[in-house]
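Note that the chains are named A, B, C and D in the order they appear, and that numbering of residues resets to 1 at the start of each chain.
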Amino acid sequence: MCGLVGAYNIPNASTPAKLMLFGLQSRGREGGGIASSDGKKINRVQGFGLVEQFLTGVKMKARLPGRIAVGHNRYSTAGAKGSLSCLQPFVARTASFQIAVAHNGNLENADELRRRLESHGSILASTSDSECFPHLIARSKKRVFRNRLIEAMRKAKGAYSLLVMTRDKLYAAVDRYGFRPLWLARWKKGVLFASETCAFAPLGIKRSEMREIKPGELVCVSGGNAKTAAKISARRFAAAPFTRHCIFELMYFSQPQSRSWGEEVWEVRERLGERLARRFRIDGDFVLAVPDSSNKQGERYASVSGITFRQGLFRNHHSGRTFIQSTGLERTVGVRMKFSVAEGMYAGKTVIVIDDSLVRSTTMKKVVRLLRKAGAAKVIVLIASPPVISRCRWGIDMATKKELVAATHSVEEIRRMIGADFLGYLTVPDVLEAVGDPCGRKYCVSCFTGKHPYK
Amino acid sequence: MCGLVGAYNIPNASTPAKLMLFGLQSRGREGGGIASSDGKKINRVQGFGLVEQFLTGVKMKARLPGRIAVGHNRYSTAGAKGSLSCLQPFVARTASFQIAVAHNGNLENADELRRRLESHGSILASTSDSECFPHLIARSKKRVFRNRLIEAMRKAKGAYSLLVMTRDKLYAAVDRYGFRPLWLARWKKGVLFASETCAFAPLGIKRSEMREIKPGELVCVSGGNAKTAAKISARRFAAAPFTRHCIFELMYFSQPQSRSWGEEVWEVRERLGERLARRFRIDGDFVLAVPDSSNKQGERYASVSGITFRQGLFRNHHSGRTFIQSTGLERTVGVRMKFSVAEGMYAGKTVIVIDDSLVRSTTMKKVVRLLRKAGAAKVIVLIASPPVISRCRWGIDMATKKELVAATHSVEEIRRMIGADFLGYLTVPDVLEAVGDPCGRKYCVSCFTGKHPYK
Amino acid sequence: MCGLVGAYNIPNASTPAKLMLFGLQSRGREGGGIASSDGKKINRVQGFGLVEQFLTGVKMKARLPGRIAVGHNRYSTAGAKGSLSCLQPFVARTASFQIAVAHNGNLENADELRRRLESHGSILASTSDSECFPHLIARSKKRVFRNRLIEAMRKAKGAYSLLVMTRDKLYAAVDRYGFRPLWLARWKKGVLFASETCAFAPLGIKRSEMREIKPGELVCVSGGNAKTAAKISARRFAAAPFTRHCIFELMYFSQPQSRSWGEEVWEVRERLGERLARRFRIDGDFVLAVPDSSNKQGERYASVSGITFRQGLFRNHHSGRTFIQSTGLERTVGVRMKFSVAEGMYAGKTVIVIDDSLVRSTTMKKVVRLLRKAGAAKVIVLIASPPVISRCRWGIDMATKKELVAATHSVEEIRRMIGADFLGYLTVPDVLEAVGDPCGRKYCVSCFTGKHPYK
Amino acid sequence: MCGLVGAYNIPNASTPAKLMLFGLQSRGREGGGIASSDGKKINRVQGFGLVEQFLTGVKMKARLPGRIAVGHNRYSTAGAKGSLSCLQPFVARTASFQIAVAHNGNLENADELRRRLESHGSILASTSDSECFPHLIARSKKRVFRNRLIEAMRKAKGAYSLLVMTRDKLYAAVDRYGFRPLWLARWKKGVLFASETCAFAPLGIKRSEMREIKPGELVCVSGGNAKTAAKISARRFAAAPFTRHCIFELMYFSQPQSRSWGEEVWEVRERLGERLARRFRIDGDFVLAVPDSSNKQGERYASVSGITFRQGLFRNHHSGRTFIQSTGLERTVGVRMKFSVAEGMYAGKTVIVIDDSLVRSTTMKKVVRLLRKAGAAKVIVLIASPPVISRCRWGIDMATKKELVAATHSVEEIRRMIGADFLGYLTVPDVLEAVGDPCGRKYCVSCFTGKHPYK
């Protein structure tokens, strides 16, 4: 999923980049980095883990000087800790340019691009598809850098929100379908970029000062200094008859206080909760949401249905992933530590559990079991999305197809697997209506339908 | 505030100790340690920061072998990072004994004890009052270790929940007033100890297998091996005509899923929310709780008052404390990162904000300002506790008297300071009734009354 | 200068590689690395500093598995700590091959090669000239890997001793002039490679089992397993009418117990000491050698001249470079800590100081001053090499031309600078005769003559 | 063995302390620390390994502020890495004083002192005998600190050179027999202390500005500031009819450029070499010294006997101890890496090997074997000390009695064990005469005689 940030024409640009990265921590916890340019040289600091882990003690001004910076938070599956060379931003220096590239998304034709690059003698340092961008730029025969970038982007198929820093400019672009969000904000004499608006908020930036990079748009920021503002120029480099914004961003991945594609994330989630309440009129004692990404859906379900919202499932926010060892007791207990339940609250009651989605079903299975142990008479599970039947090739590392429980099981089978008394999902039309896209012209719902988003 | 854990007659006892410490992380984030005994020697691992920071990569079996272990999470004010020698458990070896001591609480007569110990030539390694215990034990002339321990505890005045490990026994004790919680659970052939029941839950232990250490009680666990269960013996070493359980444990500090002194923490909080709803019948559009320790109070306030519960204040669970540098932008923004608010949700609305307590008022001031910026027409603040007018000398490091806003300001002055349209508190009788102690025979409410709890 | 090691068809080949690297520590202290192949994948561990710093705690078997390994110690000037990407072995993975490359030497046409590679779209990760090799190999259109390697080496001009590991083979090559040493040894069922023979000795390998890679020779080791020995095949890939072995290797850089190009290093040094004694018949009380690389020259000078060898200059073998801070006292004293002198030993005496070479003259200046302070009446300085007047472009990072004192000063001027009573050098014919090359057909003496070695 | 340093009335006293500690690295490589006082508080930094390991990156001014400092290098046997609490200086804070104590030596009655302290209720943090000092000081009933210190020292039996820092004074003392060296030097407005004079030299201090602390002397440095010099007062606190300086300090442990008890270390070693030459008139081709502590003995042996001094045994100064793993190949080879030999130098020759002492014989065995492998016809081993037959209880951690080869074997048996053609030792009168103490009134030679030094 990944988080991108950028800053242009800001004194010590790496510092706001760091703060924005921290605000986008939820988009990637595996590792990350920041690169900055002081006009002559691009420097970079990278590391594994959280932003606060790899930047603690780093003297930003000394290690990452200059008025331009880009940063990246990496998201990756199941703890498969990659090598340092997979961390972004990628930095490349050649005779004709120095660049740092940060990418959010997934290229469909990555294997083919890589094969072609290598057959021409390029050596890629990592296994990441994102690294194709600097190499495609390097191989381009265009003279003007912007045209090299456009040529590279036209060769890439799939989802990409990109920040590309040269020694003196900062480019931002989004693929023609607009799979992943990317925002721009004017700040002081400069310009900031971030995957989500929540990264701008702590800097005191108002909504009116932000705008989204449009699908197929390439923004170039240049010029400016301590007294004059940076210049923003934008152009279309690709067009498509419809867009394919990732609906999972709204349903699960983005922060509730962010805005994307004209929607407040929290509002979409409330509307999904409302749809659930209208579709499933169930008599229960309490509504419970699996924290934290289902809270808004749950609260709204409760207020629309008139059933009391009463959270009794508590989440330990310290993941503990890094220190639990893979031996018997530690593993068993480590997993159980994520959630705990309030004793007595549900004894003899019917509990309606709301979750934003159901991917592999393992968490929900544990939640149902915990509630039963705590005495719940009935456990109703309502999912504020349709069944996920197809894995995403455009940037969400959900799981392999085999792990997607709804790809191979009926709703009734899943209900039995998780041990619920009832299991209900929304439909694809439900969610499309909730985001104001009844005809499916705006959003990618490929994970729910299995249909290719644009072919 | 601190968290204690202990394990006796469990193979590799340090592993459950580690897991329980992790479950008590919220009781202390400054640092901690675990000591274990293999029957011959006491080993220890300590460190600053979270359990997952100081235990990551530690091979428990090799570094902390044996069937007995005690652990400690340290809580401390305002980032004042102490020295390694302040971290518990304290370990002491003398010709006649080896012990590890973990203490939760605060001794009233610490200065006097220290002065007396030093005048006799003892050298204390730290500035912690807890270190008095091993020295008092060492100076005792009694022959039987248990009697040394009792003599030491009788000299100590104030709040102490203690775990004391020798090479082959584990002692647990609580001062005569029972200020701080301490629990015991039978597990397999052994016995576990923890400050809160939430630490036992992930191990699969049922409520019926746990019991509280009573005020003035000393429990000694001994014997046992792979086949026979450990023996528990208990005795009273001190008595008092009433108890003084810390009411702040229930209102704020403990985990909602824990049980203490006959109460489920979440239930007490719901009752406090209900009292607020009955005391302040206010017309509002939405109820909002300051996450996370006020959630239950807020939910219940909403359900009793019939006003919609709608959370629009989001908390960043990564503190960032360690990596924010003390320079201009970083500091300003770092502080703002803790909370963010949902745009649009409160525009033109009356919001009722519930918080568990109001100590220094700085957080609430920020929350009210955020809500106003987000367009709230009216902000009503209701506190689910009485005004805090006196600092705690029995284990909660709230703040100095000067920082306690209610110690020096009237409710109206505080309302103006935080910028709310209305500010309401519960009364002391309210909270005593909510915990079933209308005559004040069980709980310490000294921070609300300023009266010494037992003199 | 750098050190190379390789191991083929040895179980856990990275372990002998590590031990040999440790034995070549004097060839590079800036950092290094080892790469190994388990037949399927090439793994690598790298780091800054000494071998014992970057390999301490590394589980060789787990991190660097397999029967093939190459390693590299990096040498670099004046503390200019490069980036991680400059450390070797370079590892590259493409669709058609995986390789690890370790290089000792310097390419004359590095800038041109780099320019050409980049103009074709290659991205080089580092600023090291050594990285040209993997890229030249990648760009080659040959099908057979060996031919790609040969094509790459033919494009490279200058000094290179190379080890190139693929998933299942190990190649070793030396440029046509033989600038840098590289040795091969049969060991058990496998083959080892190292820059100097001293790396083989602790493994119990005899001289009769070692041989040098010849100028212009490419050796390929393949096949073999636990029971059958690896196969060595060798061919000439380039020829030259003369060789250009670096004479500085013998005079200064190599370990005294190593053998190179038919010479025992210690013997060459003794012969240089003898030449000094014959050229400068000076009456002195004691002979002193600047430790450690001038010891043999000094001892022999003493025995030939009949003057007592008496060391009174002691070297602190802990460099302290990493911990001396750049503030007043620390800097001043830090520098003085390298050498100390025995009080009283030289009072009123004439001391003949022998050094292997004089590059920047700063050390000798300090030595002379120390001896004078210790009361020496006369200080005679004899250098067992000619004046260094030209910097080396083939692998020894001596200094920039400006720093070479003899490039811009006469012998008399240098004598005055260092404060000696007499300063004598050997001549170029002296040293060529000492290495049995009176006609200058074998050795590069470019640093003493300023003439290009082969143009 | 350990190294002590101190600095008084020096701005940022911890910096010269650090530089002096670095100069005393050879006295202890296990770990160390520095404590400083800024007049109000004593701070400390400690760590394992070399000074450059535990002080790299430490900001001296910030972490160790103030005008007084003491430091300590710890020496310990066979890699038995103790716990952090064993590292000195010990720091103790009580109501009446704050002190830091650094000790070089060994207390004979440590067990008894510890037992007595513990029976009175003191808790000692470490197993080090040095920790008795702060506790004895704390238990003293004297009012004046100096008298407490004297009382403590009178209770301690055995060898102690001590530095004791309070918040505003610095005390230095040596036991009545003067086992271990301790020096004082005036520097600027302040006073420095160090175990060896070699630590003063890089600071530019002349011999005339240094003096030794005498046996039974207590020096107190006080007063002084940026403008006035510190005041030194000295007194005798104990007396003895003779002294017992450790002769091993001169023969092996101290740096050759240091001075102790009226002797230049290098001169003593030359005299020992001369004695060897006079006692054993042996015909050989070459003289070889085991580097580095036998170099002076070897050189002098050569010049007196007229046999050529020709070093062909080379020592790897990187110990590698920390990174060699305990598996087959690594261990075998790791040990062999310490020394290597010049091929060809000794072929068919008679080599006279000089070593300063022979404790366990393992190193010499390896050396003889290496020389034989290199073709030596005859290997004569001459030891510049008498046989070591008794282990030292006064500060040199030589080995246990069982490991002392001469304690249980005759000279002829040892010769066979090490494989030499001849083995010769000096006698006790030889060494006493070499240090100008023919009647044995000054030096402890207990390790050669087995007699208690003063009972």
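By our rule, contacts are C-beta pairs under 8 Å (C-beta built on N, C-alpha and C of every residue); 3 or more make two chains touch, one makes a residue touch a chain.
All figures in this text were calculated on a predicted structure; none of them were measured in a lab.
The greatest centre-to-centre distance from chain B, using averaged C-alpha positions, is reached by C. Each chain gets one centre point, the mean of its Cα atoms, and the points for chain B and chain C are 62 Å apart. In whole angstrom, the spacing between the mean C-alpha positions of chain B and chain D is 50. Taken chain by chain, the contacts form a single closed ring in which each chain touches exactly two others.
Residues of chain A that touch chain B in their complex: 12, 15-16, 18-19, 22-23, 25, 50-53, 55-57, 60, 198, 201-204, 207, 255-257, 259, 264, 266-267, 295-296, 299, 302-303, 308-312, 314, 316-320, 322-323, 325, 327, 329-330, 333-334, 336-337, 340-345.
Listed in rising order, the residues of chain A touching chain C in the complex are 84, 92-96, 114-115, 118-125, 134-135, 138-140.
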